[in-house]
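In what comes next, chain A is part of two complexes: it sits with chain B in the first one and with chain C in the second one.
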Partner chain A sequence: MQKQIADMIKDMKCPFDEVRSSRGYLHVRVPSDRAVEVLLGARQRCGMKVLQLISAVDRIEEDVFQLTWILESSDDRSILMVSADYPREDCSVPSLGEVWPAAVAFERELREMFGIRFPGNSRQEEDFLLEGWKEIPPMRRDFDTLEFSMRTFGQRRERTHTDPRRYIAEITGEWETPVPMRKKEEK
Partner chain B sequence: MYCNRIPDRPDERKRVWDRVDEMARANSLWVTAYGTGCGAIELRPLHTSRFDMERFGIAMRPTPRQADVLIISGYLAVKTLKRVIRVYEQMQDPKYIVALGSCTINGGMYFDSYNTLNVLDRYLPVDVYVNGCMPRPEAIIDGFTLLMRKIKDGQALGWRHYRENLDLYRNNQKEIIHDWDLPDYNW
Partner chain C sequence: MSGATDPATTTHLFFGPQHPGVTGNMSVEMWFDGDEITRAITHVGYLHRGFEKLMERRLWIQNFPLVCRICVPEPDINEECYALAVEALDGMEVPARARWIRTLVLELARLGVNLMAFGGQAGTIGLGTGAMWGITLRDFVLDLFEELSGGRIYHMYIIPGGVRRDLPPGFKERVISVLETIEERLPEFDRLILNNSVFRDRTVGVGEVRPEWIEEMGLVGPVARGSGSERDVRRDHPYEAYGELDFDVVTEQGCDIYSRALVRRREIDLSISLIRQLMEGMPDGPVATVLPNLTEWRVPPGEVYSRVESSRGEYGYYVVSDGGTRPRRVHVRGPSYVHAVTLLERMLVGANIADVSNIMVSLTTCPPEIER
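For the complex of A and B:
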């Protein structure tokens, strides 16, 4: 299977890096403008008919979103992962919702969690999990969840420390380390 | 179809007959079958023969109209809070809330999450908190016996507090629910 897909990508004259491969499993990294072409080719020519997941990773140091599509073959259950890097500013990725209907939901989630636009997805403006979200998308790494949580939801009592031993000592007096039980001496 | 009128303020409890009512209420607590977090799974052993909550007259009901107790079982997301408010306000008075787990008390392990509440009793009146992550069935039964004792003593008056301070609770709820599309009161 790996060889078949690698040949297919070579046929397309598309440069690619093999990240990892083992039996029934292949992970390739391709340029961002060729990713959709490779995915559709794998569907048509290699029988990768099932879209399992679209995931995104925020690589803020390199200023990119790394998107990964995971495809599975319904014939021999082999897996193909295709990764591509897209620029972080005003990120826009072609939608695959017309080919795989499942992609619509994944793309809506990524739109909400990372702010990645998917032109061509008919339902991308609908709320998925967050209703009425007003901040920057929460899964971006420049979003400070702790600061947001303290500002929005507050705290019952501010935490001065997180040491349970000190907490118990403050309430009940001195905390003594429990001595482990000795083994019974054999007679 | 719903009634949009704000509920009247209830009378003070004066009658002797109230004591009898409270005795009867305490011994037949009917719980709305509604789960919000991981606690919904942890509640299942309570129904079965080992821990058997029917010994205490606690039974599950399929609809909020027939129930007295709402269990907030674990972390509560903002999206779920909206549904919980609807469920809680549809229940008949008197009604009680039992909150399980450290998530409802101070956020627990999700205290820095972008989407879960940290302090539940800003938004809904809680009668009994049961701590633990998740609490064991014995702890939940202990919480229910505490609730029964509070009802018999006439102290479980969260529902009355909610009615009298509806504006305060509404303000707190609207602070975090940005796309408020509920009626003024859900009967």
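For the complex of A and C:
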């Protein structure tokens, strides 16, 4: 399988790096402007007909998003991973939803979690998980989770004791316990 | 989305997130014309706990108590998938006995889930006895997990390089005893569910999954095998001890809910057979390799996609390391992702409102897998 796919990519005159290769498993890195062409070629010429996953990695140090498509062969169920780097700023990647229906949901999630747009995805504007999210996409490395939590939920008051009766009384005001307190606790 | 949404003739209904049709919080927004669904949209997000983001902030070993919580009924496949990925990145060797014990754990978990799912399928059409029996039989399996790991639901037993501890003395006899108890009750279980005319009427020919959808959408597990596909990672790309075991992939041809229930029922027999083989052939030796200092453990840079066969189908972890003490990225690909969103939205169109729960349970969706 590896050789067939490598030959196909060479036929396309597309430069690529082999990231990892083992039995039934090949991971290649290709230029971003050739990624879709390689994926469609693998589907048509090498039988990689099943889309397993589309994932993204925020490589903020290099100012890129690394997109990875994971395809599976319908013949021997071997895996092909194709990775490409896209600029972080206003990131836009062609949608594959017309070819693989499962891609629609994966792309919707990536738009929401990383802010990557997928032109051609008819449902990319629909919320997936985070209905009404107004912050920067939360899976980006520059999303400050601590700052967001402090601003949204505030700091929990420091606990000075571990008595639940006192705690409830403090936050609700007066609270009459249904069970009489034992003498030891009254002290 | 296709389908008529004329307000004069269409009813708009929010089904869920709490309803009998799913093993977690997930809702389906539906439009009806009479009793027939014309359009459906899956809504997830009720169980989003930010697992993947949390994993980027924790040490490699600290993620083990975290990943198992992604799927409550069957947590072990998450531990296994994550362990396989970390071992592949670190070049770690797993002792033979540990591989066999891991396979035993995975099959025990599959047995428990399939007992619950098979009974649960009957529960959705009002046959509550089937659901209770399934849960009761599963409890015997949970007893074994409690003895093995200390936990009934979350086990945190599979770690990189092996498992936490060896099997306790006399464990084999107790496993065999539980298998005999389950086998003894299965014929009655079958009579209750499979021979029940109401169950057959409500499941045969209902909830069709067309064979051409399997490749198109990437369907896996009993959903694919109930429509004639032989997709099974255990056989196609054997991991752990599966390559040394004797088994055939279970398939059915009916493409309906009944076929998927039958696949799960036959998977129970398969798991029992595999567990017996594992107990008989279990090699001696160490159960774990020596791990580095876990607080300073740096996994070499790289990317890997590991996959195992869960009770619901193929489960995958895409893990990226930049050579640091924490993962750079972990992406969990559960089978419910495609089944509950892409497939469900398509197969509900044309279905009857009374069959919605039945169809959803036949896909055994696990919403936390979608939301992570």
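Here is the rule we use: the second predicted complex is superposed on the first by the 156 of 187 C-alpha atoms of A that agree within 3 Å, B and C clash if a C-alpha of one lies under 4 Å from a C-alpha of the other, contacts with A are read in each partner's own complex, and residues count from 1 in each chain.
We adopt the following convention: a residue touches a chain if its C-beta (ideal position, glycine included) is under 8 Å from a C-beta of that chain, and two chains touch if they have at least 3 such contacts.
All values reported here derive from a predicted model rather than from experimental measurement.
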{"item": "First, second, both or neither for A:24, with chain B first and chain C second", "value": "second"}
{"item": "First, second, both or neither for A:145, with chain B first and chain C second", "value": "both"}
{"item": "First, second, both or neither for A:57, with chain B first and chain C second", "value": "second"}
{"item": "Touching partner for A:153 - first (chain B), second (chain C), both, neither", "value": "first"}
{"item": "Dominant toucher of chain A (residue count), chain B or chain C", "value": "C"}
{"item": "Chain B versus chain C as contact partner of A:134, first or second or both or neither", "value": "first"}
{"item": "On chain A, the residue positions that both chain B and chain C contact, one per complex", "value": "127, 129-131, 138, 145"}
{"item": "Chain A - residues contacting chain B, complex", "value": "127, 129-134, 138, 143, 145-146, 148-149, 152-157"}
{"item": "Parts of chain B lying in touch with chain A, wherever the complex brings them together", "value": "78-79, 82, 105-107, 111-119, 122, 175-179"}
{"item": "List of chain A residues in touch with chain C within their complex", "value": "19-20, 24-25, 27, 49-53, 55, 57-58, 68, 70, 72, 74, 76-77, 79, 81, 83, 100-102, 104-106, 126-131, 138-139, 145"}
{"item": "Residues of chain C that touch chain A when the two form their complex", "value": "41, 44-45, 48, 50, 52-53, 57, 215-218, 231, 233, 236-237, 302-305, 307, 314, 316, 318, 320, 328-329, 331, 333, 337-338, 341-342, 346, 371"}
